[in-house]
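In the two complexes below, chain A is the common chain; its partner is chain B in one and chain C in the other.
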Partner chain A sequence: MRIVLDRPRCEGHGLCEEAAPDLMHLDEDGELVLDREEISDADAALANAAVRVCPVAALRLA
Partner chain B sequence: MTDTAPPISDLDLFDDTVLVDPHPSYAALRDLGGVVHLPANDVHVLTRYDVIRNALGDWESFSSAGAIGFNPMVNAALTGTSLASDPPVHTQLRAALTANLSPRALRGLKDSIDAKADALVEELVNKGSFEAIDGLARALPLAVVADLIGFTGHVRANMLRWGQAAMQVIGPMNQRTAESFPIAGELYDWCSTVAAEDLAPGSVGRGIFEAEARGDIPPNTAGHIIHQYLGAGVDTTIASIGNILALFAAHPEQLALVRENPSLVPAAFNEVLRYWAPVHAWGRRATRDVEVDGVLVPQGAQVAILFGAGNRDPRHYEDPDAFLVGRNPVDHLSFGYGPHGCAGQGLARLEAHAVIEALARRVGRLVVGPEVRVPSNITRSIEELPVLKMAPA
Partner chain C sequence: MSTAIQRVVVVGNGIAGLTAAETLREAGFDGELTIVGDETHAAYSRPALSKALLLDGDDLSSHELPPTTHGATELLGVRATGLDVDRRLVKLDDGAALPYDRVVLATGSRARRLSDLPEELILRGLDDALALRKRLAGRPSVVVVGGGPLGMEIASGCLTAGCQVTLVSQGVPLILQLGPYLAEVFVKAALERGLTIVETGSARLDRRGGDARVVLDDGAVLEAELVVTAVGDVPNTEWLADTGLANRGVVQVDSRGLVRPEIAAVGDLAAFPTPYGLRRIPLWSSAIEQAKVAATALVRGDDTPPLQFRPYFWTEQFGLSLKAVGHLPLDGEPTYVEGGPGGPALMRWSRDDGSGAAVALNYRIPIPRLRRVSREAV
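Showing the complex of A and B:
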């Protein structure tokens, strides 16, 4: 399972980072960085939570 | 594809009593179905959490083009805005709108907004009793948005009535809408003629004109963007901040929780938004026959999304009629969701978090009198909230 970012859609609200700080973070410019794109079964719940809270639907699992 | 028609209700969504206290009607509609046809308004309302969230994410089935308002005049006036368009056109318009409004663009504002909110709350605690909608709920967003866009002079004085009218006219063509169109027209006319030099140097508003001059955003869009900042960002934020005060006054134990644990501030704002959605109804149009919750929404149907109904859906939230900051409902529907998710939510969070932090830090006891509500087509807010006693922590 991979986490996929629709970069133009991301506005840097940062709710995904709050939900899954081990998987992604906003850098100093407020741009989202995916620290782990390949998601293990152990992290699937966190990844789902991050995808779910994105207010502009910029994240999805593939 | 089903051919089952949705259940029908004789409710008038924009009746005065419904607008002032919509939650009993929301519950009745939600019990009828995820989609209910209201012949009185010629709309199909979406009532349940999953139905609303799915529709908000599915712009191909539920279009915003010419469909977000409930009368043809407002839909014509909003043509060409990101609010009322679908991808791919929407994508470019949205980018122009959010370039100066996204959280990353606003990060530099946090300290000044925190300081404004703290100074206001300090002054009000010193007063001890006051009217809270003018004194705080309106004062903060008006100051923040005026400084952000760089409004000066008569425009500053008109922001409140222009912002209220811009939301009111999204309703059906009732008396409220008819009376508000001339006022919304003043805002529209001003935004059509405003130029860079009308806005304070160094403001975000001036920056939008500079972006237009550089060619970073399409020609003649700067005025439209300023229109949306004012039209969408004032009345709704005022509603939210008034709701924060009223709900903390009604639930002092919830304010105490935030005072003891300030990390609950974002959760508290999420719960305020979930509990009392600032926006009553918002439109979409079905682009095709869509099956929703086992019934048919016919192609061309005007759809009304009831954010507040979804926010109280017991299928999604346990004990939904309780106000509990600890539940942190981060997926509430009050900002919408998906491509049209509230573009100003970052700014709204900055303002609301600043208010909640200041209240938690400075206020011990908060006693209010009865709130006054006035029916309004789209924004549900408190008109007057007498604070009888605000004692220091």
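Showing the complex of A and C:
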């Protein structure tokens, strides 16, 4: 499973970082950085939570 | 415990219902899951309706959410008409009755209207937004009634679409939601962009010659080709009338979002415990956080950590983008952590009780950092 970021949609809310801080973070410029794109089964629930909390659907799982 | 639960029904397909359904699966529920939604659309992002969706040129996708993974049976375009708490049945308007072992009440709220006139447009659901967007293409003159965040976002969208826009507000727009300091910042930006603001004690709608018009408390009349109202929301709890679960139009829940061990209520219809008493907080992250806790509690019971809701609010209007953490509205003046008045800024308000709020204005900052700013005295 992978996390895919649609960068133009991202508004930098950072709710995803709050849901899954080990998987992603916003950098100093407020740009989202995926720290891990390949998601293990152990992190699937966290990744799901991060994808779901985004109000502009900038993330998805593939 | 989850082995004893065979059937769960989620009534409502907004972000609260969707999050509850996904969370039920994450909590280990692998039985029969049914979602009932009165709209025919898949679940979507409501905050986008009054922001990007009104503005975007050809992009009609800003409200779309990623595909669901809960594997539920989705009954869309179907409305729940009643709940039988003794026999554990959700009754539907097509005559069907769905048995449940656990049920999630997530029917949200609807726009409060000022009239029965079909000319009164509101913005609550996707169909409302698409209809408004279509009307704006003809650049009509617009009166927006309601000076809250939604009314202001709509007014901003109408201005951007090239319309002449008048906003009718009880008092200074946004002052009730954001407090005087930030309200002034937004009003200034709105006026600079050409919004006309009319303050009134009350407003009503009537019709003359086939057009809706707005009558103010002093008798003044505002006419426009388009009248949009954004004057609050009403929880959809009528279908629970016979159950005793709705009290004064809201469903009161405990700190885990439960009404009874087998019944959860989440999202805009639920009043949950906050530091300021039982409150309805009809916002995006509120719905999500409530749904996560309540769905987990339906499966795991008292082992579930109770909700510790931390508010997050954002709005985009008149060229300003605001993100706020902490309880609103905010009294007095902020301390500027970064930037200053009139530019991109990071602000902090401290309260006497030691709590704080942080606001980012046209300033990109991750929520976790914004939360840290809200907690740290500067």
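As a working rule, the second predicted complex is superposed on the first by the 62 of 62 C-alpha atoms of A that agree within 3 Å, B and C clash if a C-alpha of one lies under 4 Å from a C-alpha of the other, contacts with A are read in each partner's own complex, and residues count from 1 in each chain.
The rule we apply is simple: contacts are C-beta pairs under 8 Å (C-beta built on N, C-alpha and C of every residue); 3 or more make two chains touch, one makes a residue touch a chain.
Computed from a predicted structure; not experimentally measured.
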Most chain A residues touched (candidates chain B, chain C): C
Contacts of A:E17 with chain B and chain C, given as first, second, both or neither: second
Chain B versus chain C as contact partner of A:G30, first or second or both or neither: both
Contacts of A:L59 with chain B and chain C, given as first, second, both or neither: second
Contacts of A:R2 with chain B and chain C, given as first, second, both or neither: neither
Chain B versus chain C as contact partner of A:V51, first or second or both or neither: second
Residues of chain A at both interfaces, chain B in one complex, chain C in the other: 9, 11-15, 18, 26, 29-31, 52-53, 55-57
Chain C-touching residues of chain A, taken from the complex the two chains share: 9, 11-15, 17-18, 21, 25-26, 29-31, 45, 48-49, 51-53, 55-57, 59-61
Residue ranges of chain B in contact with chain A within the complex: 57, 91, 95, 98, 102-105, 107, 266, 330-331, 335-339, 341-343, 345-346
Contact set on chain A toward chain B in their complex: 8-9, 11-15, 18-19, 26, 29-31, 52-53, 55-57
Residues on chain C engaged by chain A in the complex (per definition of touch): 18-19, 22, 26, 45, 47-48, 52, 62, 64-67, 69, 284-285, 288, 292, 312, 314, 321, 323, 364-371
